[in-house]
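In the two complexes below, chain A is the common chain; its partner is chain B in one and chain C in the other.
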Partner chain A sequence: MNRTQKQSRFAIACLKMVAGFVVLILAFLIGYIFITGLPNVSWHFLTSPAKAFNAGGGIGIQLFNSFYLLVLAMLISLPIALGAAIYLNEYAKDNWFTSTIKTAIEILSSLPSVVVGLFGFLLFVVQFNYGFSIISGALTLTIFNLPLLTRNIEDSLANVSDDQRQGGLGLGLSKYETIIHIVVPASLPGIISGIILCSGRVFGEAAALIYTAGQSAPALNFADWNPFNIDSPLSPLRPAETLAVHIWKINSEGIMPDLTQVSSGAAAVLVLAILIFNLSARFIGRKVFERMTSVK
Partner chain B sequence: MQNTTELNNKPKRFIYDFNPEETEITMETKNLEIYYGKSLAMQNADLKFEKNTITALIGPSGSGKSTFLRSLNRMNDGIATVKGEILYQGVNINQPKIDVYEVRRRIGMVFQRPNPFAKSIYDNVTFALQRRGVHDKKTLDRVVETTLKQAAVWDQVKDSLNKSALSLSGGQAQRVCIARALAVQPDVLLLDEPASALDPVSTQQLEATLRELKKDYTIIIVTHNMQQAARLSDYTVFFNMGEAIEYNKTRKVFTRPKVQMTDDYVSGNFG
Partner chain C sequence: MQNQKLAKQLMKKSKTARYERFGRLLSLSALLLIMAIVLGIIVFVASKGLATFFKDGVSVKDFFTGTLWNPGTKTPSGHQAVGALPMIVGSFLVTILAALLSTPFAIGTAVYMTEISPKRGAKILQPVTELLVGIPSVVYGFIGLSVVVPFVRNTFGGSGFGILSGTFVLFVMILPTIVSMTVDALKGVPQFYRQASLALGATKWQTIWKVVLRAATPGILTAVVFGMARAFGEALAVQMVIGNAALMPQNLTSPASTLTSVLTAGMGNTVMGSMQNDALWSLALVLLVMSLFFNLVVHMIGRKGAFKK
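Up next, the complex of A and B:
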């Protein structure tokens, strides 16, 4: 074996080790969280409300709040992100204005979430007087989510071959028709994967919500689905502690006796949910693509 | 090159002159100049295209043949600056007040790589019509059948019209794209190397299809395959360095070219 071959083998071995190390960290973390947490998870744990002083509390309301906030945040951010991405990828000319927007989006995406949270607190909670509420939380999550979602959608649109745009224009369709009816549908698998990946990130976010959606989870009346009643699960003006905030909260100031069990159980549920988001993003994206390319 | 030209006493350019009494001209270009930014990519291409014929545009890469073709239905809008006149049925379509969408409907285009939309075969063909407000199921059904038959792909896809067009093979997809272009009832069909991504059998079928279509349409096709031009077309234009060098009946271009450069190209001495 000559020197070049030796060098190459050595380099490949090093790279494999580094890659293996990354996988190892992830496997260790997930393994630890699941082994300590999953035994505490039961149907009762997932559905009953938390208890502040006694053992036997669950995470039902927090779990519901997490999903509700996620849905609201996505409903607000998706149209904005879609519009911004379409503009940036399809219409924007390569000039200072566009590069300003792109830089702004990059900076926004790198802002620490606690800063975004405090901004949301000052603007939505205090200034707009929305209080600690779902709506304050959802708007703050939108700020947090928007740059990443925009980038994701932009990339999906950029992956659509120019042949598709040419095809539309060549038939005498306008640029707008071509984008809305040809380019966006063709990029749908990528857009859906992007939405689900962003959902995972939003779902696990705590810092941006502590001062906006609040740290309390008042009892909800699951028989009342009128969003204008304050104890309705759908009320956007009630405070809503999410799962991630709950984990942070009980670990910093919880006093219930089964604190460790609740915390590790909640962590396991949170990680499991995010894992499902991540894995399903690929799966659903692929399914949508298959559906578009093969027999219906 | 200069020397041989003088020795052979051949012209530097030859453009076929149609007899206006006998021929019906569908499209014509006058004083065309095409710029990418500030650089001149195409000039000296005053050409006429006879109705119901196939004209092949040949030439080496970068000769300007695709640029020329794409200008004919204003697909270069926003990409290149096109100066001069492009006459379609006597009207100059290269002016701002002309409805560019109508131009592209009348002068359809098929591209190098098959580019079916991520929709069903049926919707691929009818999409442009639906966007124009045609929603009558019977009309659309008829258009689908007629155009897919014209494009000689009906027998292969008639039982799977609701299947995604992305699942088709390259040759079938390209013919669905032709049907799609025919669905808006154009007069002229521009094809930009439509067979370059296809296998020989599909190419042969495509050529047979085009020969059939010539009865109803005026076809202008860019090809880098000289055999294809020779087999398929009635007229051939040879482009080089952004100019039309020779335009003549195909037989003459390939057997007795008038310009030395054409001779060199068709006999494989360069390109």
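Up next, the complex of A and C:
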């Protein structure tokens, strides 16, 4: 074996060690979250309200708030993102206007979430006078979510082959009809995966919510589903601390005795939820595709 | 009469054409809404952030070079105590250190995943990095608080809160981001580059080092800049481990603060429109400008190094 071959062997061994080390870190991270967290997760933990001073509190309200905010934010952002993606992928010409808008979307997606949160605070909480509330939080999350969702949908629209569009146009449909009736359904598996992946990101977001959805979780009356009552779970004007905000909050100023257990349990639930989002994004996307194309 | 009616009907846009225009306008308005949001954010944050300088009369020089942060009071020398230097230094230190630390690891891992063992890379490392990119920052912060801070305290002394802990947390946080983007960059290098190099008698390592990595440099740089942007803008994970003392960092283990940590900790305790509040908005403006700067860098790299296929 000559010098260069030895060098090559050595370098590749080093690379393997680096990769091994990184795997070790990542495995430790995931292992740590689940091993310290999951023993604290029980049905009681998932459903009971948090306690500020005593041990034995749960994360029930926070968990509900997280999901409610996620659903609202998705309901608001999906039509906007879909419209924007349709325009970008189907109508936009390659000119300065399009490239300006693309740059704007990139800027929005790389803004620190705390800046988005502060903007939401300024606009929705102060200017529109919504206060710390679900609706302020959902609108802020929409801003946070829009750029990535738009890009995901745009990518899945771009993956639809041009034959489909030509087919639609050849049958005499207008361009918009072709898009709505042919291109969007054809890209549905990709769009659904994109939505679910974005959900994971929205679900774990905290910095954008601290000053918009607030840091308190008042008791809810789960028998009252009238959205106009302030203690109803559906009320859009009540403050709503989410799971991610809860972890941050109790670790920065919490005084309950079982702080570590609660936060490790909550962290495990959060990561588990994201894991489920990730896995189901692939699974559901594939299932929808099989269903629609009967390709197996 | 009949003809006129027919002519009118033919001159009018058909139902489909109107529907077409409606749909086009609808999707355009969604796009314009996003555009308006971006402009709105920039204008709002800038007007709020500049108020410190125009309304409260803080000089720009004091803001960027002063080391005393206590808005509303005066420094011993009679200037406004709005010195943001400690936070700016803190933000840049954690960002640069985290990027320096994670770049070699990320590139090594990405090379392993694409060049050395693509099968194992796709099977194990790919899904794991994907999951880790999605882990919320508060979870990183919590792990930092319960693992990294005690580790730093026992190994390096001090309270454990400080730049070093922040660096470690950000290192782990941006690692998956840089890895997955570097993998994309390496996969973008055409296969015949490798074949040509190997056919010339180069070893595997020479091919990786002299051909693949060189060809993928713009993509790798983009990945690192993205990682840095994420580190710079990260708020809660850093805020939980850095100690939150608005002081110039004495060493890597003394409590410090970043722009984001002061923002998250302080915004709730100030009154809108007060000087303390304006000063915080100025920090947000610095964050915004840095984010725009990172964007610009990515664009410049992209324009210079786009792959010609």
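Keep this in mind: the second predicted complex is superposed on the first by the 269 of 296 C-alpha atoms of A that agree within 3 Å, B and C clash if a C-alpha of one lies under 4 Å from a C-alpha of the other, contacts with A are read in each partner's own complex, and residues count from 1 in each chain.
One rule holds for everything that comes next: a contact is a pair of C-beta atoms (placed from the backbone, for glycine too) under 8 Å apart; a residue touches a chain by one contact, two chains touch by 3 or more.
In this text, all values refer to a predicted model and were calculated from it rather than measured experimentally.
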{"item": "Partners on chain A (chain B, chain C) - clash or fit", "value": "fit"}
{"item": "Following superposition on chain A: angle at chain A, chain B versus chain C, Cα, nearest 10°", "value": "100"}
{"item": "Touched partner set for A:195, first chain B, second chain C, both or neither", "value": "neither"}
{"item": "Broader residue contact with chain A after superposition on the shared chain, chain B or chain C", "value": "C"}
{"item": "Contacts of A:274 with chain B and chain C, given as first, second, both or neither", "value": "second"}
{"item": "Chain B versus chain C as contact partner of A:182, first or second or both or neither", "value": "first"}
{"item": "Which of chain B and chain C A:262 touches, first, second, both or neither", "value": "neither"}
{"item": "Partner chain(s) touched by A:174 [first = chain B, second = chain C, both, neither]", "value": "both"}
{"item": "Smallest distance from any CA atom of chain C to any CA atom of chain B, in Å, after fitting", "value": "9"}
{"item": "On chain A, the residue positions that both chain B and chain C contact, one per complex", "value": "174, 177"}
{"item": "For the chain A and chain C complex, residues of the former touching the latter", "value": "4-5, 7-9, 11-12, 14-16, 18-19, 21-23, 25-27, 29-30, 32-33, 36, 79-84, 86-88, 90-91, 100-101, 103-108, 110-116, 118-119, 121-123, 126, 143, 146-147, 150, 174-177, 179-180, 197, 200-201, 203-207, 210-211, 215, 244-245, 247-248, 251-252, 260, 263-264, 267, 270-271, 274-275, 277-278"}
{"item": "Complex contacts: residues of chain A adjacent to chain B", "value": "161, 163-164, 166-174, 177, 181-182, 185-186, 188, 291-296"}
{"item": "Partner chain A, residues of chain C touching it in the complex", "value": "16-17, 19-20, 22-24, 26-31, 33-35, 37-41, 44-45, 48, 104-106, 108-109, 111-113, 116, 124-125, 128-132, 134-139, 141-143, 145-147, 172, 175-176, 179, 203-206, 208-209, 226, 229, 232-236, 239-240, 260, 263-265, 267-268, 272, 281, 284, 287-288, 291-292, 294-295, 299"}
{"item": "In the complex, chain B residues that touch chain A", "value": "73, 75, 101-105, 108-111, 113, 115-120, 127-128, 131, 160, 162-164, 166-167, 177, 180-181, 184"}
